[in-house]
Each structure stands twice: as structure tokens, then as C-alpha cells.
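Pasting in a structure now, in C-alpha cells, and then I'll have a few things to ask.
When the chains are written out, they are named A, B, C and D in that same order, and each has its own residue count from 1.
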Amino acid sequence: MTATLALQVIQPILVLLLAPLLTGVVRKTKARLQRRRGPSIVQPYRDIIRLLRKESVLAHNASWLFSATPYFVLAATWVAATLVPTFRFDTGLGPAADLIVIVGLLASARFALALAGLDVGTSFGGIGASREMMIATVAEPAMLMLIFSLALVAGTTRLSDIAIFVQSPILGLRISLMLAFVGFVIIAVAENGRIPVDNPSTHLELTMVHEAMVLEYSGRHLALIELAHSTKLLLYVSLISVVFFPWGVAPVGSDMARHGVAILLYIAKLFVGANLLALFELTIAKMRVFRVPQFIGVALMLGLLAALLRLVSRSL
Amino acid sequence: MLVGNVLLCVAALIGVSCFAVWACRRPWANSAIYGASAVFCAVALAGAIAALVGGAASTLTLPLGLPWIGMHFRIDALAAVFLCVVNLGGAAAGVFALGYGRHEHAPQRVLPFFPAFLAAMNLVVVADDAFAFLLSWEFMSLTSWALVVSHDRSAETLRAGLIYIVMASFGTLSLLLAFGILAGPDGHYAFSWMRARGPNPNETMIAMFLVLFGAGSKAGIFPLHAWLPLAHPAAPSQVSALMSGVMTKVAVYAFVRIVFDLLGPIDWRLGMVVIGVGAVTALLGVLYALMQHDLKRLLAYHTVENIGIIFVGLGLALAFRANGLTAAAALAVTAALFHVFNHSLFKSLLFFGAGAVQAATGERDMDRLGGLMHTMPRTAVTFLIGAAAISALPPLNGFASEWLTFQAAFLSPSFPQWGLRLLTPASAAILALSAALAAACFVKAFGVTFLGRARSEAVNLARETDKASQFAMFALAGACGVAGVFPGFFTNLLGPVAQFLTAARIPAQAIAAPWSPLLPVAASHNSYSGFVIAGCLIVATAVVAFAIRLVANGASRRGAAWDCGYPDASAMTQYTAGSFAQPIRRVFATIAFRAREMVFMPAPGDTAPAEFKATLHDPAWDLLYTPVGKAVGFLADSLNRFQFLTIRRYLNLVFLTLVFLLTVLALWP
Amino acid sequence: MSAILNPVAAVLIVPLAAAFVLVLIPGYRVAAWINVAAAFLTFAAALALLVWRPAAPSRLLLVDDLNIVFIVLNTLVGFTTSVFSSGYIAHELEIGNLKPAHLRFYHAMYQILMGAMNLALLTSITGLMWVAIELATLTTILMVGIYRTHEALEAAWKYFILGSVGIALALFGTILVYSVAQPVVGNGLPAMTWSTLAAHAARFDPTILNIAFVFLLLGYGTKAGLVPLHAWLPDAHAEGPTPISAVLSGLLLNVAIYAILRFKIVLAHNPATIAPGPLMMALGLLSVVFAALMLYRRRDIKRFFAYSSIEHMGIVAFAFGLGGPLANFAGLLHMAMHSLTKSGIFFAVGHITRIKNTQKIGAITGLTTSHPVLGWIFVASVVAIAGLPPFGVFTSEFLVVSSAFAHRPLLAVLLVVGLLVSLGALFLRLNSIAFGEPSGDTSPDRMSALPMVFHLGLVLMIGIFIPGPIVSWFQHVAGLLG
Amino acid sequence: MSTFAFDVSHFLAGSLVLLSFFLLYQDRLPPLINIFAAQSLVLAVSIAWQAQTQNAPHLLVTAGIALCFKSIVIPFVLYRLIRDLRIHRTVETVVGIGPTMIAGMALVGLSMALMMRATSGIADLAREDLAFSLSVILLGLLMMVTRRNAVSQVIGFMSIENGLVLAATGAKGMPFVVEMSVAFSVLIALIVIGIFLFRIRERFDTVDVAILDRFRGERP
């Protein structure tokens, strides 16, 4: 009982703790692939700690919404990340939420962040908020279509059930799942503001999306936002890994040793995911903002196609 | 006699209305009339809840109307649910107007009609024969028309009123024709008779389309929505809230009552039509809304979107029911009705907020607002909650009902028909798209209105709205929260309705333990617990805040905005409603509304300002209303010559008619 | 003496006696009072007929369920119009539109018109009815021209010529009916009496009966203002004194419809004839759609409502043409409701044109602001005539449309389109007249709203609650109409 | 009824139709009036014959009216009208005489076709009479709508009345015939007086030349 409780508590903390590391790994790999030395993989932790020590500068015009948003954004992202099974299927919160709820929580976070972008009343905040919402309008239906296709395969939208289903031997190689996988990757790239949709490391005015939104943040607020950002990336990587590569996740009722193995496997998966992401980002150039919908539209099409193919195959 | 109690409330409301004719100019009239309206609505609400919990249908026949049938009234579970929606909205609007109504310049044009409007909506829901139904239906249109034209000095308002009343009558006449079919040649107008009549596929199909036109024009399905964004904003805000939040729901009630209850079995293809219409309505509704910069018009268009969502749910229910999938049908209908309830809450709330803003600043144009968060903080909070709820964000109620709709859509593989299997995922995607667009739309609405810096002087002079209005807004915001956190409680209440409409109900949810999740389909494990999610969010926020307080530098300093180093930008450089929507306009509206942007740059050296112009074409107007209007105008012009003929030509008409008729007689076999 | 006490006779004698007295009385105030009193006495006599139906004093007269509906309605509206007219005409005198001699003539003519219409309704003889209707037409022609303006004379002339041709057609129809009945029932009056005609109609020659009906439909249809025979109606309404417009719309059109109905009953007894229903439905539908479209280009407020009368007569003709107990009931109800509402509207329009001193729709705005009582009464009346609840016109239109759709869906759809188009026009004009910035004279007006409120009240009552006796009575009549 | 009586009635009614055709054919006013007088005269004879065969002396009153009023007084008044108002002596027609005649033929054909379908229950004489009077009425209407000239339109109307009277007297024992014919004569008298009073020179439509250019009814 206490063990279960401990595992319940470990999961959210682990998620939060690993998130900056994942970002660090991505950055490091990218740098190495670009033949740079790059910052240490713990650099994100250092950044966050430094930001936390600094005072926060608020614009004259900023309202309470502006300072409250970082807390809410981190909380919402964190809860969403906790809902994704990482190293064990029984997350405790499983029955409370399915994949749609996770999407909804992320949408809440985005909603708050976009409002915060508009709060100070600068044109950059507006640019960021407006573009972010535009991208979301394409990404969300795409995500839902993908969820739909998963639900068609697995008969449920509950993540742990999907993962267990994928893990089970009755599943052969499903074309729908492959399409969904590609779609999920595209969504993950778009939602996390990675290249080619957005460049997380640029502050070039006209190309910013996410960074423009949070331009006015500083100090502890910025730290929270950075942490939330990393957590979101982690969330997507874990999501993809648990849905498409659920092997090694500890089943319900496993002992502590099995859980330890599962945690290590999970970290390994994150590591692989981070490397692949870095590789992907390097091989592609950033797009113009108005081409992004077409890019994400591919995910939507894949989702639809996956759903349709699934419908066809079931009827055969 | 529950129905008797409700009818007494209706009678009392009509009495208040008559009293208002006499009293409307007295200083105390505002409080008295609105207070009384709110009280009677609350009483009727209590009656409706009693009926919902009590279960048994209650009927009453009064010797009014057409004496040989009388006026039948009935409260069953379905009516009770909608009575709750109507009276909750009515009571809230009454309380809101206690304060807001004092801003009214011409109370004598509003006060007498407000209670009558409420009474009419109640009557529609309890009516149990075609005559009583249409009488109250059209009376509802009429009273709301009077409220729409209450600010009669503006030509735009009058135009809105005209279009509204014509469309309303179009709807009424469509319903009248539908009832003409259902009543049969002998005129059996009682609903009980219509229920008992045998099925007839052809008649059912025609009637279904007529009802879709009739109820749909009132609810605002595309392309019959054209009156809605004109009329809703034109009325005073408490009325806008009622029209958008409640009256459209009465239209949904009409659709459900006739199509689900009276028409009998319905072909699955018709369900497909409803799903398609709903999906198109949802998508176009929210796109329209995104293009607006008038706050109330934006909200009105947004009603169109939500009606689309509700109709998708109803269409799914029809399709499931036609295939005998009663459990799935129950889920879809529960989702749709739950969304009806939720939408009435947050749409009323948002219109109250818009009204408060309008009363405080005199502005409805978002491009002249901004920064109201500072001057009207409480209104801002409630509006924010409403905006989040309508954007379907967890853990609020909008998310709960959309989640249920998605769950219903996920059951589409059980359809035997190909068309439905393909259409349902597509419409689910459209629903997701419109939900995302809705979020964008409300980021825009809230952000441009309440956040940023003031764009006009009026904003700086604005003061927080009065206590009564605040109470109404906070109550509705609280209700949004409660319905989001405890959705199981509400779906349980909807159980009898689903049972009545689809002969099945979703599994009863355990509401004794608040954390137990909503589990609509036993077979799949899909579940959602608003309570747990809300709790997690609160705990997580608290943990984060506590941790930050513990470890971080808590100092804050106020400074100039950074803005990448541009100092002292004018408030005019902020993103406006139009610029916020620009990316979405480019992505979506280029196809839907043929949106075009043109930039006129002066030649180098020329000091003339550059000009930017965005044009939109409304497909409903371009393809439907304008041609119809032109056709009527053309015919009127052509026939108008008959006013100016000479006597000889008039005689000629008589002569030709005579000869024609005689020839017909001569050729008669 | 007993003849006077007999309400049947009273309904006829009182107006004619009053007309005789009114010719002799010079003072217009007294004349107006006598006019009201006579109209009231006639109405009282008609009401008495409801409860006590004595034997007709002559076999030329007849009281049955069908015509008593019309008589009560006729005398009622005649009475309220006389009340309205007493206030209205005095004003015309003040501003010099009319001279006292005109008024003498006017009041006498008013009573003759009432008497003639009552005779047309009460008589049991086809020929006498024709004479009575001709008399009523002639008096209204004279009254339409009473202002002696060019427009008024022209309207009267148009009315005269078209009315005369209509009357000629109706006469030929009457003669045809006689000559077809004469071989069966024998020479003389029986061949012109409703009851004998109906009783023996089955043995009449169907071909000639058909021709007769065509002539009667067109002849009396001219009086009823059915399109394309309507041309006199809008001008006559627009140029005559407003009380006469009210009487024309409210009563004379009904009398013409009554005449058509009587002959329709005769035809209904002969199965070999063509069904008269389709003809009436066609003309009715044409009237509805045509008048609805004509409403859009009207600039004169009285002509506007005259076209609305054409539309409603179209609905009535359509309903009676449709037949069946439900549609006939609806037709009767609609006719009654239209009479009450439309005359009420003309009362309001009379006040409006008097206050604003113009009949141009464009020049009248903001009435609810400048004259709230009159303005809102006007709004309510227009709402009622547009067929919106809770007024009685809604009830009758509800029945007409729903029963029409059950029998003839396509025609019902056409009818609905016509109704919708006309509603659009009504509200388009209502918007500009009743709302917006007030124009013209905004000084408060001394006027009696009582006749208008009375009419509206009746229409409202019928819309919500139709008293049982009226229903059973109407239902019986609807049954008679077959 | 004897064959002879029948033939006479038939002949007289037929001549009425023939005279109606003459009216249609005539394109000058004075002869038009003369022909109308002749038609009224024939009508009077026909009524008198009916009075004799039907044994209905009251019909003689109608015959007298037809004779005095329509074949003497009215033509006289119309002549004066033409002279006083200086009306053109030619009749303006809407369509040519030829087409009008063809239309008239068609109308007579129509009325015959209609009446001949009546087979039973009506006396032959009455049937023939009705067919002829229907023709006269239709021809009168045709004249009213194809003539632009007020006087010829009045004559058209009066020939309609002739047809009516023919029908009324042909129907055996019809009551109120006299009353109706008197009432109708009043109507005609009023029309003629109206033309005089309103000084209608050319057309029915305008009451006075002064308002020729006004918008009818819809005053802007």
C-alpha cells in the first residue's frame, strides 16, 4: 500500500524532474550534430535556478492574470504529464482522464498563455498569441483525429488501456497505427514549437510564435514557463512512447524491482526520443508561419486516413 | 399538479407584464418588474426540478384556444429539463437586469415585454398540442421582436428586427406545415394523437425537413442563422442573454420534441442530414464569430456554433436510434442536452459580461476597448470563466459536454451504414476544429476587450458594474464550475429524458463519491472526472506556488514593457480583433468567406498613409438572402405596373379572366 | 308595430328610417349622434336575432345560421365605425375638407349603405340580393368621391365603371341560375329562393349552372376584390373618407363573399357540376400572392392596407374553396377576424393621417414615440393582421394552412409563401411608421381609442379563447357550407 | 309554344347578335350610335314578343324602357355629347377591326359551344336565348376593352345590358325583371351623366385632361 502510494508520488515528481533534462539532451545532441560542443545537458536546470533567483519585472500594465498564468500553465501541463503512463500503467489518476482530457488540459494551458501574451498590450504579445492559437486550431482537430483512430483500434481512449492493447499479442502490424504514429510526431513537433513550426531558440521578431507570447516574462515567472515548456515536450515524448512503444512499462501489480527496471527503460526511451527529435530538427528548415497549417494538415489527413482505413479493415 | 404550478407562474409573469404597461415609467418599476420576473422564474424552476426528480408526467387541459381540442399542457422529463434551462436563464437575467436595467433609456419599451417573453418560452415547453405550441412559439418570437426593436432609433436595429420577424415567421410557418402533416386531414392537433399515429416514411421525411427548417431557423442553423447575429446584439443585454442562451434552446426543444417524440421512427439518412447540418453550422458559426469585432455580435455568432454542436449530438442520436443502438443514442442525446444546459449557462454569462461592458463604456466595438481587467475586475473574472467554459476547457462544463459528444462519436464503428461510419469521424474532426477555433475566438474576445491597454477614453472612465449584475454573473460562473466538476450529477438527471427519447439511458453515475469518474459507456473504459482534474489542478497550482515561495526570489518590480526594446508604443499598436484573427482569416476564411486582403501602398515619397482593406463575403447572404430579396423586389417591381393601368386595361383583365374560365368550362370533359 | 319589434325587420327598417331622418337634419353633431344611435339599435336588433329568431316577416327575407354570422358582424362593425366616424368626420369639417351639406349626405348614405348590406344578407331571393348589393355599391361610390378632389373622383369613377361591369356579370349569373331553376321548380319567386334552389339543385342542368357560377364568381368577386378583379379597391380605399375605407374593407367585401358562398352551396348540391372550390382557391391564392407583392411598393398608407385586405379576402376565398368543416370554419373565423382587425387598423390610420396630415408612409415615422397609445395600438393591430399570436387571425391562419397542407400540400406552400411575403412588407412599413425618430406633428392628440381597443380586445379574446357557443355556431355553418 | 313563335324569337335574338357585330365593325361614332339605337329597337321588339308569347304584360314596361330610353334618349344624348365635347368622330381601336371581328366570332363560338352542352332540363328557346345573350354580352365586353373612346365604351356597356335584358326576358316568368332593368337604366344614366360631368373627352380613365399627367393613385 505504501509502495503504491510512493509510486503514485514518484510519477509526478519524476516527470517534473526529468523534463529539463530532456530539453538539455535535445539541445546537446543538436549542438553535437552541428559540430558544436553545446551546453551541458543540465544547463536547463541551471537556467531555471538562475531565473528563480532573479527578481521578476512586470510591465506597468500587467494584471494579476499575467502573474498567475505561469503557475496555472505549469500546473496544467504537469497534471497532463502525470496522466500519461510513464513507467507503470496504473497511474492512479487513470480513471479520471483519457487522452481527450490531456488534450483539453494542454489547451487550457495554451489558452491562459495566449491571454497572458495579450495582457501587457504589446504587439509582440499579440503576434505570439494570435499565431499560437492559429496553429492550435489546426493541431487540435488533427490530434483528435489521431485519438479517434487509436480509439478505433483499441476500442478506448484511455491511455493505459491503449498501451496494454498495443502491447498485447493480438495486435499485428496495423497500418492505422503507423499512420497515427507519424501524425503524432507531427503534432508533437508543432505543439512544442520545434522546427519547422517554430524555433525555440530564436528571438528574431517576425518568426517568433511561442517566444513572442512569453516575451514579457522574467524571473520566477519565466522559470515556471520554461519548466512547463520542457514538461510539455516530455509529455509528448512519453505519450508517443507509451502508445506506440509500450514495452517495458510495468504492468499493474508489479513489484518494486520491476518498477525500477521500468523507470530505467523509460529514461532510455526518453533519451532515444530526444536524440531522434534533435536529428529531425536538424534535417529540416523552419517554415513560414502560413505554411504551418499545411504541415499540420498532413497530420489531420493521416488521422482521417487512419480512421478510415480502420473502418474499412474492420468491416472486411 | 406540477404543470399547474408552472402555468400559474406563467400567468403571474403575464400579469407582471400587464402591470408593467401601467407601471413602466415609475422609478421603482425596474426593480419591481425584474424582481418579480426573477422570483416567478425561480418558482417555476423549483417546479421544473420537482418534475424532473419526481418523474411522472403531469398533464392539464384548459378550455382555451380551439375549444374542440382545448389547450393541452404537459410536463414530462424532456419538458422539465428545458423548463429548468428556461427558468434558470430567466431568473439569472432578471437578477442581472435589476441593476443593468437602470441604464435603459426607454424602459417602457423593455419592461412590459420582458416578463411576457419569459412566459412565452415557458409556455412553448409545456405546450402539448400543436395550436398551443405554435401560439406560444410565435408569441415568443413576437415578444422578443418587440425587445429587439426596443432601441428603435437606430436603422440597423430596425433592420435586424425586420429580418428577425420574417425569419421567425418563416420558422413558424414551416412548423405549421409540419404539424399540418402530423395532424392529418382531420386536424388532430393534440400531441398525444400525433404520437399514436402510425409511421409513414414519406410524411416523416417531409415533416422532419420542415421541422429542421422551422426549429433550425429559430435555433440558428446555417444558413438560416442570418437573423441571429443581427437581432441578438440589438436587444438589451439581459434580453440578448435570454435570446442566445435560452430561446435558441427552446428551438432545440422544439426539434427534439417533434423529431424524437412525435415523428416516430426516423430513417438513418435523416440522422446523417442532421449531423452534416450541425457540423457545417458549428464550423461556419465559429468562423463567423472570429471575423467579428462587435463583442455582442461575436457572442451571437458563437451561439450558432454551439447550436451546431448540439445538432451534431442530436443527429448522432437519431442515427443510433434508427439502427437500434439505443445505448449509444442515449449517450448522444445526453451529451446534446447537457450541452444545451451548459451553453445556456455560459452564453447568458458572457452576454451579461458584454452588457456590463457596454453599460460601463458605451462601447460594443472591441477595437475601442481594452484593459477593462483593471477597471472592471469582477466582470473580467466572470467573463474569463465563461470564455474558458465555452472554449471547452477542462475542468469546466463546456468540456464535459463536448467530451460526451466525442464519446458518442467514438461509437461510430457500430454503425452498419458506410455513410455514417465515414461522416461521423469527419464531423468529430470538425467539432474539434470548431472547439479549437472557439478557444481562439475567446482568447480574442477576452484578450482584446479586457486585457492590454485602453484603446479609448471611455474605458478609463468605466466603473465596475453593480452588485445585482455581479451576483448574477458570479452565480452563473459558479454554476459553470459546478456543472463541470460534477457532470455525473447532471447526466443522471438527464437519464429519464434519454430513457424517454431513446428507450435507454447511460449508466447511472455514482454521485455519492464526488471523485468517481463519469463513465458513459461501460464497455470502453473511457472516463472523465471533473472533480479529480479540478482537484489535481488546484493541488498542483498550490504545490507550485508553495515551492516557488519556498525557493524563489519573491521580489517583483514594475517597469516599462520590454516589447523587444520598442519604447512607449501607442495603445493603437496593440493587436486588435481584426489583427488577432488575421492568421485564421487567411487559413480558413479565404475559402469559407472568400476573404481577401488588399494593401494600398503610396508611391515612395508620397506621404499618404498606406491603406489596408480586408473584404469578406457572407455565403448565406450571397447565395440565399440577397437573391431572395432581389427576387421579391423584382416581382414587386414587375407587378407594380398593375397599379397604374388604365380602366380599359383593368376591364381587359376581367374580360380575359371571364373568357379563360368560360373556355375552361367549354373544354371541361 | 309588430314588424318594428321583429328584429329581422328592425335590422332593415332602422337604417332606412335613420337615413330618411338624417337627410332632414342639418346639424352635424345631432346627425352624428343619430347615426351612432341607429347603428347601435341595428346592432342590438342583430344581437336579439341571436337569441330569439322569429319567423321572417316576409318570405323575401330569411334568417339562418349562415347569414346571421354576417349580420352580427356587419352591424357590430357598422356600429363601432359610426362611433369612430362621429369623431373623425367632425374633424374633417373643422379643417374644411367637408361642408355641412356633405355631412348630411354622408350620414344618410352611411345608413343606406348599412341597410343595403343588411338587406343583401337577409334576403332570401337571389335577385333582391343583387339589387341590394348594387345599391350598396352605388352608395359607396358616392361616398368615395365625397372629397371632390381629382383623385377621389377618379377613384370613384374607376370603382363605378369596374363595379358596373361586375354587377352586370353578376346579374347575368343570377338570370342564368333562374333560367336553369325555372324548368324544375316552376315560374316566379321559388326559382330565386335560396332554400328551393338548394333543395332542387341536383336536378338543374349542370352546364348552365357552371356558367352561372363563373359569372357570379367574377361578378361578386369584383366586389370582394379578388385578383384580377380588384383594381377599384385600393384606390377607393385610399381616396374615400377613412370610415368608409373601414366599412369597405370590413363589411362590403364580406357581403360579396357571402353572395359567392350562397351560390357555392347551391352548386354543392349538384354533383354533376364542376367543383367551385378549385376556382375559388385559384383566385384566392392569386390574390394572396399578388397583393403580398404589391404591398412592397406602396407609398400611401391607406392603399397599403387596402392591398392587405385583398390578401385577406384571398385567404378567405381559399379557405372556403378548400372546403371541409375545418377549412370552412377557418374561413368564417378569418373573415370575422379580418373585419374586426382591418376596420380597427383603418380607425388607427384615420387618426394617424389626421395627426400627421399626410397619407404618405414615408412621412410618418416614430409613432410609438410621439403618440405612444395610438402607436402601440397600431403596432398591435398590424401584428394582428400579419397573423401573429395571440390574436385571432393567427388562429384562423393556423387552421387554414394546416388543413390546406393536409389536403393540398403544394397550394399550402404557395399560400405560406404569400403570407410570409406579405408579413415582410407589413413589418417593413410598420418599422418605419411606428419606430425611429418621430416626424411631423408630435403634439398629443385628443382622440378616443375606444373603438380600436374594442376591436383589438375582441380579436385578442378570440385568439386565446373562443367562446363555446360561437364555435358550435360556426361549426354548424361550416357544415352547411360543405 | 308554337314553332312560329319560336322562330320569331330566334330571329330577333339572332339579329341582336348580328347588330352587336355591326357595332364591333363600325369605326365612326355617329353610325355606331345609330346601330346601337337599332339594336335597342330590336330588343324592344323582342321583349314585346316575349311579353306576348309568355303572357306577361309587365314585360311591356321593359320594352317601353328599351324603346324610349335606349333607342331614343340615349342616342340623342350621345350625339349632344359628341357635339358639346367636340369628340373625334372616329373610334380609336386598340387592335384592328379585323382581329376584333375574328375575336368576336370566337366568342360567339365559345358561347354556342357552352350553351349547346346544356342538354336536359331547359327549354330550347331559353337555351337559344341564353346562347345569344351570352354572345351579346361577350361582344359588348370585347367592345369595351378594344375601344379607347369613352362613348364607344359606354355603348359597349349598354349592349351588355341589352344582352342581359334579352336573357332576363327570355327566362320564363322571372320576377323583378322590370325592377332590374330600371335599376340598370339608372346605372347607365349615371355613367352618361358622369361622362358629361367629368368632361371625359376621350377616355374612361381620366376624369379631366388636367390630371392626365398625374400618377394614378400613387401620388409621389
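What we mean here is this: contacts are C-beta pairs under 8 Å (C-beta built on N, C-alpha and C of every residue); 3 or more make two chains touch, one makes a residue touch a chain.
This structure is a prediction, so every number in the text was calculated from the model and none was measured.
Chemist: Can you figure out the chain closest to the middle, judged by Cα centres?
Modeler: Going by the distance between chain centres and the overall C-alpha centre, it is B.
Chemist: Could you let me know which interface, C-D or B-C, is made of more C-beta pairs in contact?
Modeler: B-C
Chemist: Determine the centre-to-centre distance between subunit A and subunit D, using the mean Cα coordinates as centres, and give it in whole Å.
Modeler: 99
Chemist: What's the distance between the Cα centroids of subunit B and subunit C, rounded to whole Å?
Modeler: 44
Chemist: Using Cα averages as centroids, what's the distance between subunit C and subunit D in whole Å?
Modeler: 31
Chemist: Between subunit B and subunit D, what distance separates the C-alpha centroids? Give it in angstrom.
Modeler: Inter-chain centre distance comes to 68 Å.
Chemist: What residues in subunit B touch two or more of the other chains?
Modeler: 643, 647, 651, 654, 658, 662, 665
Chemist: Residues of subunit C that touch two or more other chains: which are they?
Modeler: Residues 157-158, 161, 165, 207, 211, 234 of subunit C touch two or more partner chains.
Chemist: Note the residues in subunit D that touch 2 or more other chains, in rising order.
Modeler: Those would be 114, 117, 141, 144, 204-205, 216-218.
Chemist: Throw together a list of every chain pair that touches.
Modeler: Pairs satisfying the touch definition: A-B, B-C, B-D, C-D.
Chemist: Using the touch definition up top, name the residues of subunit D that touch subunit C in the complex.
Modeler: Contact set of subunit D toward subunit C: 114-115, 117-123, 126, 130, 133-134, 137, 141, 144, 157, 160-161, 163-164, 167-168, 170-176, 179-180, 183-184, 187, 190-191, 194, 198, 204-208, 210-211, 214, 216-220.
Chemist: Within their complex, state which residues of subunit B touch subunit D.
Modeler: It comes out as residues 643-644, 646-648, 651-652, 654-655, 658-659, 662-663, 665-666.
Chemist: Mind listing the subunit B positions that touch subunit A in their complex?
Modeler: 370-371, 373-374, 384, 388, 391-394, 399, 403, 406-407, 409-410, 413, 421-422, 425-426, 428-433, 435-437, 439-440, 442-444, 446-448, 451-453, 515, 517, 519, 523-529, 532-533, 536-537, 540-541, 543-545, 548, 551-564, 566, 569, 571, 573-575, 579-584, 586-588
Chemist: Which residues of subunit D touch subunit B once you look at their complex with the stated criterion?
Modeler: Listed in rising order, the residues are 94, 107, 110-111, 113-114, 117, 138, 141-142, 144-145, 147-148, 153, 203-205, 215-218.
Chemist: Enumerate the contact residues on subunit A facing subunit B in the complex.
Modeler: Per the touch definition, subunit A meets subunit B at residues 52-61, 63, 65, 67, 71-72, 74-76, 78-79, 82, 93, 95-98, 100-101, 104-105, 107-108, 110-111, 114-115, 117-127, 129-131, 133-134, 136-141, 143-145, 148, 151-152, 155-158, 161, 203, 205, 215-216, 219-220, 223-224, 289-290, 293, 300, 303-304, 307-308, 310-311, 314-315.
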